[in-house]
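Two complexes are shown next, each including chain A; its partner changes from chain B in the first to chain C in the second.
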Partner chain A sequence: MDKTNDTRTIVIDPVTRIEGHAKITIRLDENGRVADARFHVNEFRGFEKFCEGRLVWEMPGLTSRICGICPASHLIASAKAGDDILAIQIPETAELLRRVLMLGQWIQSHALSFFHLSAPDFLLGFDADPATRNLFGLLANNKEFLRKGIRLRKFGQEIIAILGGRRIHTPWAVAGGVRDPMSNEEHAAIAAWLPEAKATVLEAIDVMKSVNDRYRKEIPNFGNFRSLYVGLVAEDGSFEYYGGGIRVMDGMGNTLADRVPPREYARLFEEKSEEWTYLKVPYYKSFGPAEGMYRVGPLARLNICDRMGTPLAEAERRTFRQLAGEQETVNNAFFYHYARTIEMLFAVEEVERLLGHPLIRGLHVRARAMINSMSGVGACEAPRGTLFHHYEVDENGVLQKVNLLIATAQNNSAMNRTVRQLAARYLDGKEVTEGLLNRIEAGIRCYDPCLSCSTHAAGSMALHVVLESADGTILDERKR
Partner chain B sequence: MAVITFSINGEPVSGRQDESILEIARQHNIRIPTLCHLDGLSDVGACRLCLVEVEGTAKLFPACSTFPSENMVVRTDTDRLRRYRRTIVELLASEGNHQCAVCVVNNHCELQNLAYQVGLEHVRVQYLFPRKDLDASHRDYIIDRNRCVLCTRCVRVCHEVEGAHVWDIANRGINCEIIADMHQPWGTSDSCTSCGKCVLVCPVGALIEKGATVAEMEKHRAFLPYIMTARTKHEWIARAIEED
Partner chain C sequence: MTPTTLIIGIGNELRGDDGAGPATARCLRELYPQADVMVVQQLTPDLVESVGSHDTVIFVDAAAGADHALIRQVIASRDRTAHGSHLMTPGQLLSLVDALDGRAPRNAFETAIPAQTFEHGAVLSSHAQKGIVEGVEAVCRLINEQQTPV
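Coming up: the complex of A and B.
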């Protein structure tokens, strides 16, 4: 019998507590050992095609509807690609305001990931009864902490609502700047949240550190491997989320490319299509598809930057760096969570800094121009990692080609590898134990993948596990 | 001009012989939905939303372009009319590509307002999803034929008010489309003066300003009766003489 016919496949579907819908297959070899793991993404199909023939000015509004979880990130990347096509220098106030919007997105998204989606694992343990290992189980014991988390997320949502005019899919950022300036009332409303938000984030960081301690033994199995790291850094090499250039670093801390203008992203990365996922999987070009696997998002951003621009976050980053031990970069996916909490701290401090900027309430927020370049790229750091929007237009601004490079696609290879590592450690025979499922889910959640425009109810625990042989016969099936 | 008396919805009304049923109804605060009609332009009876019933005949008449006769009995709000109006709006919605949420005139759109007015909750007919062009060749404006409802307001305002006659309708039936000059890109039109009147009168997001983003455009149409009154009554001449 040929080898492929003898493999068995375990399917875990859907991965709960991830935004949207996904499926996992674990492929076993003939000895029942884990051969491969795949995290399937069935979203995003056709969006790029759908935009072709439309106008560059509509794109922020259109693309911010790709995802209900981080619409503001698509909005900003799209508006920046538009700035690039208009070849325009946007007013300084507009940049400050766009930055505030992005931080609002970070706060709401990171708070969701930490408090709603991952906290049940942290606080109740991976082997806890699934009936209570969810938001409701968590509520029973940690009500106050969770309430603060919900408020923190609300703060992020408020920022977006205040700036974007109370819409989820806000078309407030446009090619050339933003649509409306910030009023005194809006400024005051955001500022009023800051002390509470900072206190909550500091508490979250303490909890995170105690979790890091508590799971010292488990953590080495959570996607612990060297990979490349990609993200934006500022001109001076410091932490960046809105502007700057691309930095690529390897898992030993060597900088492979630095401050490359986003316009040249295609020089660094190539995308390959796979038949098992709708996402195109990008890799670092000069290393090839296998070696070129890279990670983006909080872990990557904290690894690649020289420093963070706000004092408390910078102090925490130094503590984070110590986790690298002998190595130069922190290579363990579990520490995405820790990095995320540090970024929340940065975001709160940075909003404070921006609100204090003398130009934040400026009235000149939009520049206008016609098509000055036939191609444009906009990049920004979405909560889950670097996001690129690349548009080609005709001389009238009608889109001829659209390419979007999203964080979840960029992390796809690393997520597969993480699942494989966890399965290799926790899969026992042919049985898919509750503990294994929980760990795989938790491993995926390190990356906080965003998969569709719909948020699943937090804590819904529907799991479907199928054990298949290579010819498709179901050997075992388990639902919960 | 002779004054005639007739009834609308049982209420006795009167108006001049050269006033349409629509105009007289409005003077008596009776609302009839319209789309292709615009104060200041001639009427063509294209959209059929203003249809009314007249006693003694099974035929329906467009109020905007029908003139009353003595003792006519007109009804504007029967079950049958409501049903027809709803269907007309459904057909309009289904024969274009209307993604309101990302449309430049979202929340400021006459087609949307009509949908609310006729109580449209969902479209029962199949959407056609036609492939239509978007022409962005003009320096300042764009025509997106995906959202055109063929009301011909643009055609009329350009011909009757601006005097340029850039726009026309090509083809027949479902293939009708608004074209510029000799069916060429708008930006290459020699007759277009770039006055922008067509953009302002367009009831939907088909004619828009370049650079406008989602839900950003509001159209101001009050200029039209103003210009027309000035023109027909020669008010600017009177003022010029006064100022002399």
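Coming up: the complex of A and C.
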């Protein structure tokens, strides 16, 4: 801990085991109680600006470079925005293949979040030595579980590599479809992984349930508040990740907007900027910035859907929903982790279902057209939440304007509030203790934020926490 | 079972000389078609199976500030503080392989390719190009001297 002087501020810098780099400031009021907490993102890359002037057909390949963890999500959202601009109906086989790619993305990203980033907290404890609370510590604790997690992530990456030609930054999806169909060999290679993947995910769910039980006294402090929830649902209200419309639900289970076409997203959401962060702060427009805080991602998706589309995941969703009681949504951010494991189960089951579809090995995978609309929106569910790509073009398809609404930004307000709640519970005096630092990190990791995506920025994640007094002086500062 | 060699070229080919590792690995693929060759942007835990299933592993990576290509033997690292999700050193990866499977490669080498600039773009500096030639020659010598089967 760095004592800068005898002033009154806490800094956590860097936040570890998240995708990017962040700083957290906790401000105390005149009575020494937590008044506010801010999750600062200090990176900027400017994809929205430098993509202006490029051709719409280039955008999937360009925007898949935003992130090394979820490039396939940007690829698909971008290709869908292109579909919208071409006003084209893509071949059914192309949609099936895009779905498989997205599920590969989910599996690898969720496995990374669960096994690599969060399991050290769960299995070694929030108060374990940070030097060993990592992959190697997990290795000593449960080698076989870790091995299975590494292989599960590899399965997701294999799906992407098999379809897209490489594990990251594939340009395989295009406006109008995808570049290549799936061969019999590729189909068999993916199918061969399924039994092992399903067994691993089921084991992960069991572990997650025991973690929920083990930490039941601490969990109520991890981002436990009512918020709005946003995500895509299918036409029948069931769980959706590729198509469908936007559903907005409040923290008591009331539906505020339903099956809104993604191209009308700007009618629902407003994005505001803050001086202290490059991460935008979106909110539900009808409720304003304060009341319009919403969450996206696994917790939101499981809250808003009426049912999952696969049997094992649906059975697990019902168990998940019991955490909320009869009417309300599950409002505790810690249960993002549980929701994430259920989504991994869904993904494995859904890949199995899609591989059995009679058209999955069809050869017609791309439709072609010229510019038929001057703007287009592509939306899909990225691992961390709903992702929107919105392009405006001229008659030649040259981008005039680009807006990317990213999951981590949409969780921005909720992450701030989660940190505030944890600080209020664990801040003891005027110092950033190990216990507080560990729990703030764990609280942020519930959302699995990806700062490369959210600011479209590069960098390695680290945590920097600052504790400030009411007059802005620094009480304490800590970096990890 | 026939002994096997894995060559891993590490680097981002859109960041100037950082692409020197992948470029060197691709040259070696032409020279040794029996070897397994991978190109990755960084070392990550999911490579444990590939690394653990080969007798010899040769990592090839750009080295800022180096004047000449250099090969050194690499052993499993004792540093276990890494976060381990995005970025690992060859030594940490070997350590993970060893701990998970107890069957780390018999021989592992790290080849440093001289690099100067890491700006955006797929262009290699003349310094890196010269280093790639040196690196390829050095790996060829290693394979011959060690009688490393490929």
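Here is the rule we use: the second predicted complex is superposed on the first by the 438 of 480 C-alpha atoms of A that agree within 3 Å, B and C clash if a C-alpha of one lies under 4 Å from a C-alpha of the other, contacts with A are read in each partner's own complex, and residues count from 1 in each chain.
Criterion: a residue touches a chain if its C-beta (ideal position, glycine included) is under 8 Å from a C-beta of that chain, and two chains touch if they have at least 3 such contacts.
Since this is a predicted model, take the numbers as computed values, not measurements.
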Partner chain(s) touched by A:A188 [first = chain B, second = chain C, both, neither]: neither
Which of chain B and chain C A:M370 touches, first, second, both or neither: first
In the superposition, chain B vs chain C on chain A residues touched: C
Partner chain in contact with A:V174 - chain B first, chain C second, else both or neither: first
First (chain B), second (chain C), both or neither touched by A:P60: first
Which of chain B and chain C A:K143 touches, first, second, both or neither: second
Partner chain in contact with A:R153 - chain B first, chain C second, else both or neither: second
First (chain B), second (chain C), both or neither touched by A:M252: neither
First (chain B), second (chain C), both or neither touched by A:L117: second
Shared chain A contacts, counted only where both chain B and chain C touch the same residue: 65
Chain C contact footprint on chain A (complex, rising order): 16-17, 19, 65, 68, 112, 116-117, 131-132, 134-137, 139, 143, 146-147, 150-151, 153-154, 157, 168, 460
Complex contact set, residues of chain A against chain B: 53-55, 57-58, 60-62, 65, 169, 171, 174-176, 179, 368, 370, 396-398
Interface residues, chain C side, partner chain A - complex: 14, 41, 45-46, 48-49, 80-87, 95-96, 99-100
Touch list for chain B against partner chain A, complex: 101-102, 104, 134, 136-137, 139, 142, 187, 210-216
